[in-house]
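What follows are several structures.
In what follows, subunit A forms one complex with subunit B and a second complex with subunit C.
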Partner chain A sequence: MGPAVGGVLLMAVVGAVVVGPALATGDPDAQDLAIKLRSPSSDHWLGTDQYGRDLLLRLLHGGRLSLSAAVVITATSVLIGLMVGLVATLPRPVGPAITALVDTLVALPSLVMALAVVGALGVGMRNLVVAFVIVGWPFYARLIRGFALERMNRPDIDAGRAMGFGRARLLGRHVAPATVRSVAVAATLDLGYTLAALAGFSYLGLGAEAPTAEWGLMLRDAQMFFTRAPWLLLGPSAAIALTVLGTTMLVEHAHGRQRSR
Partner chain B sequence: MARTLATLAAASVFVFSLLHLLPGDPAAAVINSGQRIASPGELAAVRAELGLDRPFLVQYGAWLGGAVRGDLGRSWVSDLPVRAVLADRVVTTAKLGLVTFLAGLVLTLVLGAGSAIRPGGPVDMATRMLATFGTAVPSFVMGLLAIRFLAVGLGVGTIATDGTLGTALLPALVGAIGLLTYWVRPFRALLADALASEWAVTGRARGWSTLRLLAAHAVPNACVAFLPFLGLGLAGVVAGSILIENVFAWPGLGPMVVEAIRRRDLPLIQGFALVSTVVYVVSTRLVDAVARAAGPDLNGATRRAEDWA
Partner chain C sequence: MTAPVTAGEAGGAPLVRLDGLDVVYPGRRGRGVWALRQVDLQIGAGERVAVVGESGSGKTTLLRALLGVLPPRARVGGGAVLCPPGEPGREVATVDLVGAPERRLRAVRGRLVGYVPQNPQAAFDPLRSVGHHLREAWAAHGRSITDRELAAELEAVGIAEPARALGQRPATWSGGMLQRAAIVAATAHEPPLVLADEPTSALDRPLARTMLDLLRRRSLSLVVVTHDLDLVPGLVDRVVVMYAGRIVEDRPAADLLRHPAHPYTAALLRSLPRPGRLPDDLPGDPPPLTEPDEGCAFAPRCSRAEPGCRDGVPVLAGGVACLLAHRQGADAPGGPPDKVDPAPEAVAP
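Right, the complex of A and B next:
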């Protein structure tokens, strides 16, 4: 098992989502009440929903939305975390103060905080992304500060310091790149979980709004037609599960490799 | 202790400032959430009532003072005191939380033991698959699948929940599987350690059955060593419980806060955030303290074996 399967899964999902809508042409929002709630068939591989919309198209388009939102959230959180984390390695008074702030923020429950921010800003995908970033960057700040500090105390950096290299140069050219590589592992894992969380919020009706195609929203619709049309559930569930599975399997191997280094 | 207070203080500042994060005029928001149309006179009155003209710190102080005394304001939608609404919901959530926690413990114990006794055996393989399934499938998706295929499909559990323990089976099961994914791997490892310890080897040489070994030595030791791990996944459980409650329409905090968000009922949202955060921070600190008290030597199965002999 391991990374190969994980990588393949992830690439399959990404590939389907990026290329799919180009291959499977059609409007995911096109309604045709004459064919509503049809089970999977050769015309509609995943069936149709209560408005006669093709579920495969909605799955692919929804995937684009979820995946791109998750990438934006993760990338932004990492970026902010990187900046704050590196600043937190500075000597007193700046470093310890920032570190204290970050440690405090990390101790707060993220879902509760995200709900609170969405509560204040209002529902919708854009506010959701903002909320997730606000809640997500402290984790990376602490992670990066830890990695950076550990690397700063290595002999090669000490040598550089002895040679008179300034802190900025050490950080920028030697510490930052290695730290970023380590963070990639955490970020990949985070990507999967963020995607699941986005779907969760949309399921609750706090994220994407109808008639947008989005995996969580599709599950919300599916719940209304459980008995009659169980296939509504399967597409989005499988999509979310496969994406998370892909990221976790991909990362488990890298994590193992990291530890043995 | 100081760190806990600092964290709680930061949380309170954050929760309070949500009012000012609101797009537009907070005074208008108060009135609009009550679905009334605001006249300039009303706006001014609300602004004075809320003290929105005073400096931020003064407002925060007033709010915090009230909060500490239990006054969390009134709902903008129903005008009920936030504290009353929360109190009612917290009890219902706690009920499900307790059942879920116990179910998770039982599941972990049983499956962990089954896996440790026969590594590679059917129970081990099944547990691994369940754990992977639990990691990949988010709790709310699992809940939906459970309702469709267990409740509707097989008639296991009820489709609708109403806050009574009789209907708590499915939501607790889904939550328990979530706990399992965090707990079973460490527990299985600790149990395997205990089963391989000198004490266990001696016992087996004396002819003791695996069951006796388990009951007398392995499980108790593993449980003690496992205490620090209970905190693992606390965040996941809090998050999961909010989602699970919504999936199953369990009348706890979950559905309450979702509706409050949809209706822009900020006092209720703030009350929820404050209470949840306080509970979460306090319990994580408690668990950390337990972990420290249990001592740094978590792999001391051998040493503990000497105590037992």
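Right, the complex of A and C next:
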């Protein structure tokens, strides 16, 4: 398989978001109504919005929020899922009880559940992150339980048991690291999906609140001026699309490498 | 269950004793799989035993029982007791291998009973170095080993440049090297009993021989499961033949190989490839293990079976569980139970 185009894409987006705000100095929230809704120019590469704010600056700063929220959600979900998933491999009664609970949670529609949690906690980016973690971890718990059970029956774990090690140590030292590797692929794919879903929630007014720069919120603003200033849509939609495409292609590449091994 | 035994008194007592051991793996609709049925086996200190039989005959379950790692869902009847040797006059506790708490069994595994796995390539954690795996063998019972000592251990089993090799991942080692390392790990605490589950099935013949010699050198008592009866001479003192979860023959290796008493053992020997003769197939399949056995389990495949063979399960007497062999043994008092000629007969073209 050729070079990891997905990885390059993802690196480009992450690099721009991490380094960009340091290079393109300025306040993303600074308003200048004299230059509102300007089309892209050498002064404002992506143009300006209805308050005269520089769109490139808002895109770079907004990306920090969107990407870091997606990373925090995915990492926390994997971490909780790992702990619960490993405990769920224990024999009766603990393991099966936890498995039944996890299966029940997985069966609930996640977006509807996230909506309900946001409804209960209140609107805001922090609450949105909490809601996504609450609906996200059971998926990983089930995935990890499956990987761990398969792994526990492998000869290297048998060899560890024959040496005199107990279940806890074998789970922690040998099963967990191998499981995390297997889950990394699913988590990468999920990262892109989470980013898009977060933008969707912000777009609906359930996530970040004005005047915060955030990709979903920028799309919401852009929609109102779509006919007069279509370039408003360009930045955030391209950023979201490229990130999701990057994660998907990266996973595809990793999958291909695994298969060819 | 642990009962104190004084080592001095226990002189000559078996190291391991299985008494009427039954192991049933529960199945669907109450139909369990009988992996072991009424297994009686004693292994003395310093004794080397080979366990042979077809796939599904219970060999691996027998090893699992000896290592105290039967799955928790298995239903177990009878007993399996380990009487580890101690300093003369000092009390040592016997261990119930099938009923003791997990904590007690963990102290046995690796320290009193070593285990050499079947497929060395799969038995090492692929994410960690071989050195890490070996150091864990010592760490499992609170001991540590320096890199220099570990390198010396590996050198002793014939691994070149051990110091460099220790940092490598198992994927870069050959099967033979890994099996040597696995033997080092299994004997790290010089356990009185070493179990090996088909340790040579992944190796070619000359290497298999080397590996078994190494295993023999590094162990006191040895139980080795094998498919390959040709590797048995010179390796073990005794051969235990298993069929459908029961021990059908348990006799000194030399006698058994020359004069197999059980028709199944004879059939196994005839199925070995020999120059100038095609190996004989053993027609038929082993019986289903889901039902209680009535009569000799081998009778449906036995060319010498009589109607009486299906009436009762033959017990292990004189080292063989076969009504015909018992009858012939009674006819010839003092003599070997039976002589089934396993000699290679020239039927080749």
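The working rule: the second predicted complex is superposed on the first by the 252 of 261 C-alpha atoms of A that agree within 3 Å, B and C clash if a C-alpha of one lies under 4 Å from a C-alpha of the other, contacts with A are read in each partner's own complex, and residues count from 1 in each chain.
Note that contacts are C-beta pairs under 8 Å (C-beta built on N, C-alpha and C of every residue); 3 or more make two chains touch, one makes a residue touch a chain.
Predicted model, so just to flag it, every value in this text is computed and none were measured.
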Judging by the criteria at the top, classify the pair subunit B and subunit C on subunit A as clash or fit. fit
Quick check on the superposed pair: does A:Pro91 touch subunit B, subunit C, both, or neither? Answer first, second, both or neither. second
According to the stated criteria, A:Ala34 is in contact with first (subunit B), second (subunit C), both, or neither; which is it? neither
Give one of first, second, both or neither to describe whether A:Arg154 is in contact with subunit B, with subunit C, with both, or with none. second
Per the contact definition in the header, classify A:Leu23: touching subunit B only (first), subunit C only (second), both, or neither. neither
Considering only touches as defined above, state whether A:Met163 meets subunit B (first), subunit C (second), both or neither. second
Tell me which of subunit B and subunit C touches more residues of subunit A. B
Smallest Cα to Cα distance in angstrom from subunit B to subunit C after superposition equals 19
In the complex of these two chains, what residues of subunit A are touching subunit C? 91, 154-156, 158-166, 174, 177-178, 181
Mind listing the subunit B positions that touch subunit A in their complex? 3, 6-7, 10-11, 14-15, 18-19, 21-23, 132, 135-138, 140-141, 144-145, 147-148, 152, 235, 238-239, 242-243, 246-247, 257-258, 260-262, 264, 266, 269-270, 272-273, 276-277, 280-281, 284
Residues of subunit C defined as touching subunit A within the complex: 67, 69, 72, 102, 106-111, 114-115, 117-119, 122-128, 133, 136-137, 140-141, 182, 185-186
Quick one: which bits of subunit A touch subunit B in the complex? Just the residue numbers, please. 100-101, 103-105, 107-113, 115-123, 196-197, 199-200, 203-206, 219, 222-223, 226-227, 230, 233, 236-237, 240-242, 244-245, 248
